[in-house]
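Each of the next two complexes has chain A plus one more chain, namely chain B in the first and chain C in the second.
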Partner chain A sequence: MNRPFPSTLAPVPPIAGRTLDAQLHLMDRQALDNDGVPVTTVDDLELSGPALETEIPEGTPAPILTALLTGPVLGTRIFGGRPPSSRLIRIPWKDVADVGVVIKLGVSGDSLDAGWVERWIRDKIIARIPGGRHDPR
Partner chain B sequence: MILGDLLGTPVYDSDGGRLGRVADARFVVDGAPQQLMAEARLLGLVVSPHSVSSFLGYERTGVNQPWPLAQMLEWRHRGSFLVMWEDIAMIGEKSVRLREGFTAYSPALDGAGQE
Partner chain C sequence: MKRLLGVALGVLTAIGGFVDIGDLVTNAVVGSRFGLSLVWVVGVGVVGICLFANMSGRVAAASGRATFEVIRERLGPRAGLANLSASFLINLMTVTAELGGIALALQLASSVHYLLWIPVAVVAVWLVIWRVKFSIMENVTGMLGLTLIVFVVALFLLKPDWGNLAGQALAPAIPGEETASSYWYYAIALFGAAMTPYEVFFFSSGAVEEGWSVKDLVQSRINVLVGFPLGGILSVAIAGCAAVVLLPAGIAVTSLSQVILPVAEGAGKLGLAFVLVGIVAATFGAALETTLSSGYTLAQFFGWSWGKFRRPAQAARFHLSMIICLLIGIAVLSTGVDPVLVTEYSVVFSAIALPLTYLPILIVSNDPQYMGEHVNGRAVNVLSMVYLVVILVASIAAIPLMIVTGAGS
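This part shows the complex of A and B:
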């Protein structure tokens, strides 16, 4: 394929806000809750639009990032595809406090569905092991 | 829509000419303020003519070490460009079509990962 554009492209017009590239800054990052406890990793992102296979009229406002998604994606990462949308767990973008090396959330991890497996293992398995209900001494 | 469905999708111009695939999506945090971070709106898509996806953003960040790896990845991502949301005519399940006369911008980011 021939190179369709010259190597020197025009820079993007100046924008005011912080830039986040999905693959570079968000996907696969670890998410920590407001106490710094790991909650999950970001497996995918959800946007507010647009409708698929529909012509986008000029002047349509850009879609916004609504949620970070996580869920059972190990198999689909290896073999392709993704789980049905209903199986994915959403962390709303409004709960995100900062994006850096990790994504910091402004809420407690106990309130999020994303950490239910760890909570279930703690309550149903670890707690039944003698000494499993208190910190090690 | 889920962004993972869009990444890797072929991109065509208004005449049906193939331009590459969606390598990444760029957001800018300048929307309505909320309690923690403002809304992040889609600024545009990074399109790569030769590769399905991006790897560590070598083509965008100006990182040039280790030299052989940087050279190889820059070559693999040669011709990448950013197309703004305003220039996208339609997003389908298996293709993205751009508007006639769209502008290809440089996808480069500065050392701090910003425009």
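This part shows the complex of A and C:
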């Protein structure tokens, strides 16, 4: 089937590399850091590009994926609404090393903002209970 | 030789780990009221749990993903959260029932009131989760749980009329003084007791804990396919003992002391000692499994670091959530609510919630992206579809039957 595109639409540019479906391959996937430790589940994605409900002039570059989001954004994804940009917890897309049945990050989880609740609970509660740093193996 | 030992250990653990407070109470209640006329449900439940555990173990081994990660990915956040809420609450109810079961068994052994045993039981459960290696925890409770074989021994020592028992089992009929709706209500309860969702969370997460790969699938299949049916025999023996001693005496089981009464009559003091060890081990083991399952479900849904193979400090939210669950268990039990009653409700709610976990696992175990060449075979899929229907019917019928029968009373 070689159906011609309507003349007003530019043809899809050729894409190098793999095609990923955001809904199928990225959303709600587990993200692991470079040691294989779970960091978070991808709660939402952040795209660059024109704001909502504005006129898009011709020749505007396509939006690109800038970050994986986590934290309170999960609540707004379920119940609606949108947190202000300053409240989003981001994992920059450049930190992503591989996308498979899990998303592998190329950085340590300790350096990410996404891990602050885990670190807070570890430092304030769990590590203070005797045996909290004991290796079970 | 070492491999053979591993298989033997796995099978024995599966037998000992099959029975929990839900199986103990429900089978005894059913035996004392309906004789062996509901024994076919145990068979249906055992085949179901074999199928379900086999699928979720295979998903975990082939993809390295545990049940609730898969549920969130497949259902999305909204349906996933609804599923998490239902599964988590029912699991919490089961944690409470198991903790109460430990305390009741210790009361029977010591004559100290069970409310005093509850803090002891909770601290012991927490210490094991905090400190003990996963495989040791599994094997010790499973092995000690094997002492429940005393129910089988007691059934033989009671010298029942085998022909009569076989007749009840093979030609099921509703006893005269019971209604059809309570018969079917208890059928669902028994099904829920055999096919509890926490077993599947635990089984698939345990596969990740122990680092299973595809190579270990054969052994896991043997553990399940041999261990669970043999565990089912223990369930039948519990019902059988109740049917022989309690049914003719007109005693309907409402407490744990009545569950073990037939063992005391058949096997004497020694039998009693064995059954008490067995019940403490079985409920303790199940309390560990359900508490871990509550941590697993939360951590897997939100993507936290989890697992007993990590230091607690490296899975901080996972450990904190389990501590909170245990504290909630104490709070509920200290209101003085009857743990046996909590158990009876928890098995029925398990049956109600079962489709929520069964369906996503069935879908993913057919997805080559996760499973590669290890997708379900045709025979497994046919059986799975039959069970999907059974599970849906049980789930939908449970609440109307609960209302009609006044929860079986």
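The rule is simple: the second predicted complex is superposed on the first by the 111 of 137 C-alpha atoms of A that agree within 3 Å, B and C clash if a C-alpha of one lies under 4 Å from a C-alpha of the other, contacts with A are read in each partner's own complex, and residues count from 1 in each chain.
The rule is short, and it goes like this: contacts are C-beta pairs under 8 Å (C-beta built on N, C-alpha and C of every residue); 3 or more make two chains touch, one makes a residue touch a chain.
Owing to the predicted nature of the structure, the values given are computational and were not obtained by experimental measurement.
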| item | value |
| --- | --- |
| Partner chain(s) touched by A:P14 [first = chain B, second = chain C, both, neither] | first |
| Partner chain in contact with A:A97 - chain B first, chain C second, else both or neither | first |
| Touching partner for A:R77 - first (chain B), second (chain C), both, neither | second |
| Chain A: partner with more touched residues, chain B or chain C | B |
| Which superposed partner A:E46 touches (first chain B, second chain C, both, neither) | first |
| Chain B versus chain C as contact partner of A:I125, first or second or both or neither | second |
| Touching both chain B and chain C, residues of chain A | 43 |
| In the complex with chain B, residue positions of chain A that touch it | 1, 3-5, 7-12, 14-25, 43-47, 49-50, 52-56, 58, 61-65, 69, 82, 85, 88, 93-99, 106 |
| Interfacial residue positions of chain A with respect to chain C in the complex | 27-31, 37-43, 70, 74, 77-78, 101-102, 109, 117-119, 121-122, 125-127, 129, 131-137 |
| Complex contact set, residues of chain B against chain A | 1-5, 7, 18-19, 23-31, 34-44, 46, 49-50, 53-54, 56-57, 60-61, 78-79, 81-82, 84-86, 88-93, 99, 103-109, 113-115 |
| In the complex with chain A, residue positions of chain C that touch it | 63-65, 69, 72-73, 76-78, 80-81, 130-134, 299, 301-306, 308-314, 316-317, 319-320, 369-370 |
